Amino acid sequence: MSSSMPRVEFVVRTMAETVLRNEEYFGQLDAVVGDGDFGYSLARGFEIVLNDFDTFDRSSIAAFLRKIGMVIASRVGGTSGPLWGTAFLRAAAAAGDKTALEPEDAVAMLRAAAAGIQQRGGASLGEKTLLDALVPAIDRLEAEIAAGAAPVELARKAAETARQAAEATSALMARRGRASYTGERSIGSPDAGAVAVGVLAQAIADRWSGAVGG
Amino acid sequence: MMKKFVNDPKQFVPEMLQGIALANPDRICYVPQYNLIMRSGAPDDAKVSIVQGSGSGHEPAHVMVVGKGMLDAACPGDVFSAPPVDYVYETIRRLKSQKGVLLLVNNYTGDRLSFDMAREMAEAEGIRCETVIIDDDVAVSGSTHTVGRRGVAGNFFVIKAVGAASECGAGLDELAALGRRVNSVTRTLGIALSSCTPPAKGAPLFDLGGDEIEVGIGIHGEPGRRRDKLVPASAIVEMILDAVVPDLPYQSGDDVALMLNGLGGTPLSELYLLYGLAHRRLAGRGIRVRRSYVGEYCTSLEMAGASLTLVKLDDQLVSLLDAPADTVLRIF
Amino acid sequence: MMKKFVNDPKQFVPEMLQGIALANPDRICYVPQYNLIMRSGAPDDAKVSIVQGSGSGHEPAHVMVVGKGMLDAACPGDVFSAPPVDYVYETIRRLKSQKGVLLLVNNYTGDRLSFDMAREMAEAEGIRCETVIIDDDVAVSGSTHTVGRRGVAGNFFVIKAVGAASECGAGLDELAALGRRVNSVTRTLGIALSSCTPPAKGAPLFDLGGDEIEVGIGIHGEPGRRRDKLVPASAIVEMILDAVVPDLPYQSGDDVALMLNGLGGTPLSELYLLYGLAHRRLAGRGIRVRRSYVGEYCTSLEMAGASLTLVKLDDQLVSLLDAPADTVLRIF
Amino acid sequence: MSSSMPRVEFVVRTMAETVLRNEEYFGQLDAVVGDGDFGYSLARGFEIVLNDFDTFDRSSIAAFLRKIGMVIASRVGGTSGPLWGTAFLRAAAAAGDKTALEPEDAVAMLRAAAAGIQQRGGASLGEKTLLDALVPAIDRLEAEIAAGAAPVELARKAAETARQAAEATSALMARRGRASYTGERSIGSPDAGAVAVGVLAQAIADRWSGAVGG
């Protein structure tokens, strides 16, 4: 089987471009009960990812993702830098020395990323964080793989779940991050991080076939 | 349109830091790459290095309280964003002292994560670190919200105390214990009369009606615990004291330091008015104000509002608060 | 509805003064009947008494710069109103010193009239007085407007210089000459991003569009000389320097003090940003900043805006500016 | 002829009550190109005049007016205290030891008041101050006396002129007081002090016959 590097690059590039396009939107979401810097913070990191994209180590998928994680962990401020950076670093570790990734490998990498976020930030599911979109999306991905769906379908289904789960965070009361300080007032609007996960997943799904084939 | 003195919003923090550097050529040293403001001559192996980092927008906290008797360095992030990990890591490395590095961290998830990761990296290189978490805000109750209380204007007292003690050669563990002790007797509550506008956002973080106030506000433009109607200053002071005094509790017979901190857009006249009301009401409760602090110590950009901080005093603490200091923040 | 920490607007000034008195029991003495804040121990026959009066709303000017090395007393009027004659008269009487009383008066009709009448009354009782009129505002050209220039933030330098010299025993005439000399090398221009709301009025003094600024603003909420569009901070600094520098003029090779004064609602971050831009542009014109002052020195309530002041320095002036002082306005 | 004291008391009381009723209006006028404190400042002085009204020395008209002048000069801040106080003090001096005032005496007292304001404040006519309403009103008063008008008519005519002259200050550029700092921008709105003179004169005229007879 051929190298998955182009596909990994595609995913990372799509994430970066989508973050930059949504800088303002993500910031507005964070401003409702947070402090409004989420879009700005992420954008400053993914901006560097895009600018330096061609210079990153491509000796392996793991090396490439590790570099992305380091850029984000070290250069993004706020809560998001350490959390998103950790996610990439853990995904890199889970990729090991693989060059061709099966759908099951993607699931394992995403699980490792989510576990890293969970461990570093201490949040449990239902506390109104990006985990509340990410984890259901991974579950769906796994279920669709088991059901034999094609890659492009997998991405579409996972994105659908991510978006729905992000919407559903509206009903939750924030117990992590700055939004938690507002207590009950955090109920009624979706979590910025969760929505971002939905938007990124959708962008990946939308571009999937065009960019790298089914 | 945002009514601010600003050029490119992305350059807001660097341009501010450049101004600080130019205004204080002898006091501090500026490392643009990491938003780092260090005291001239730091690190000093005869002294624990004291480092604070947080988002920007809280000026004078923390970049302007770098100097003799206060911080040895501050590494701010962007407005209201914790500094990225490598800013903190580089700061710790450059401030490495034989006696260790004390990290003062306001209790916010972002700040804690950045400082934790940076500290791990620094300790892996053999740099001794201790961390003091500051969480003086009574608006957030530690029990129902598991992230715990926020660190707000009370951080000034922690910095002042450990800063003074470090000048006298106190060791790392002793300073960490002192910092935790000061934090443990410090309580703050903030009230906002307006929102504030981060330069990169260009619009206020929340809208307040013409007769509304936010009670229990943080220092990042997050909305407070609840929205109330604007009431006369006396009623506001009473409400704040009713939240702050029972929290420790401060009791009849206690000596305290009383701080009326402006959040950025409230003039000194109103702060002193509030101060006078609070001082007299505390006296009415048998609590004696032994030291007073009125002005801007920890702000939220140009937010109109104020926070009130009480610190329970003992003689050691009074002498640390009275010790001389010379920082970027100065009048003359 | 007015968004302020206030009780009865008519008690705004007395309640502020009460707060100052309570926060500074050792430094000052407060005479409520005349809004009078005197330095503890004043008058001192070994020292000329230095008195400043003006409207309130300019805090820290002038009640908060009472103390060692600065003013011996201040007697503010209501917000933006010159003190009534008998406040000034009683102040002069209580500050009577063998060496005389120096009156520092910002050049406004109301202040001049009050001080003139009070001085006549005091001199009739044999109290020696001298008056220094401060008029540093370049926005008002002395020739076409016969009332002359206003006194604005530059008054800080006059106070600091005569305050320091008076501590060393300088005589009344010498101090008056010094004050006039400092005033003569001091120039200021102010820019407002917002209006301000006097408590008794309860509404802003003027309306500014979302993209408008007032250029050449006074310190009483009077509109400025003209209304401009908001431009980036660099362009604002350039515009201010273009008005201030040629006015004295300040020339290549000059040493100056540079003050970036906040008008009440502008945060320190923006002031330092402006400071940095101004410092570098002055350097570009060959003018060296030898002393810097950034913060609130003379405000208009909660007005968002800033003024820039230049003072041409010589060694005597530098040492007077560097002399120690201890006033109500303090950090620690 | 009987004592003019009741009439002097009536004039002062009417001025005081009118100033208090118009505190906000006068303040608004001063806010256009001034600093908005004119109404507040005057009101704080005339408030004391009203409160202490019954306690003032009434041994002579001069003594009474001198006391009013001192209260205002010493207790009103801003420009208005010294100017309005001086006006009362000068009117008192012009009254001398008279107990019954003829219309000509009133003119002399008003001229003395205007001269006092002029001397203390240094303003000339046409510089957009209260003098620009006061002086024309006195001129009119004098002319109507010469023409043989009845007292109630005198007050009405003088008030009419004061109000018109006050309106006409709109066209002037302020050269005195705080308003002068705005230069050309002071053109287009009337001077606060001049309008106050018109309002006070009108109030006196309106109440004249009812209060003290023709």
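Read from first to last, the chains carry the letters A, B, C and D; within each, the first residue is number 1.
One rule holds for everything that comes next: a contact is a pair of C-beta atoms (placed from the backbone, for glycine too) under 8 Å apart; a residue touches a chain by one contact, two chains touch by 3 or more.
All of these numbers come straight from a predicted model, not from anything done at the bench.
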Legend entry - Other chains in touch with both subunit A and subunit B: none
Inset, instruction - With chain centres taken as the means of their Cα atoms, state the distance from subunit A to subunit C in Å. - result: 55
Inset, instruction - Could you tell me the distance, in whole angstrom, between the mean C-alpha positions of subunit A and subunit D? - result: 76
Legend entry - Cα-centroid distance, subunit B relative to subunit C, in whole angstrom: 29
Inset, instruction - Can you tell me which residues of subunit C touch two or more of the remaining chains? - result: none
Legend entry - For subunit D, residues that touch 2 or more chains besides their own: none
Legend entry - Chain pairs in mutual contact under the definition given at the outset: A-B, B-C, C-D
Legend entry - Complex interface listing, subunit B residues touching subunit C: 1, 3-7, 12, 15-24, 56-57, 59-60, 64, 160, 193-194, 210-211, 230, 232-234, 236, 264-277, 279-280, 289, 292-296, 299, 301-302, 304, 306, 321-322, 324-325, 327, 329-332
Legend entry - subunit C - residues contacting subunit D, complex: 10, 55, 77-87, 89, 108-110, 113-114, 116-117, 139-140, 144-147, 150, 198, 200-201, 205-206, 218, 220-226
Legend entry - Contact set on subunit D toward subunit C in their complex: 27, 31, 33-37, 40-41, 44, 73-83, 85, 120-121, 175-183, 185
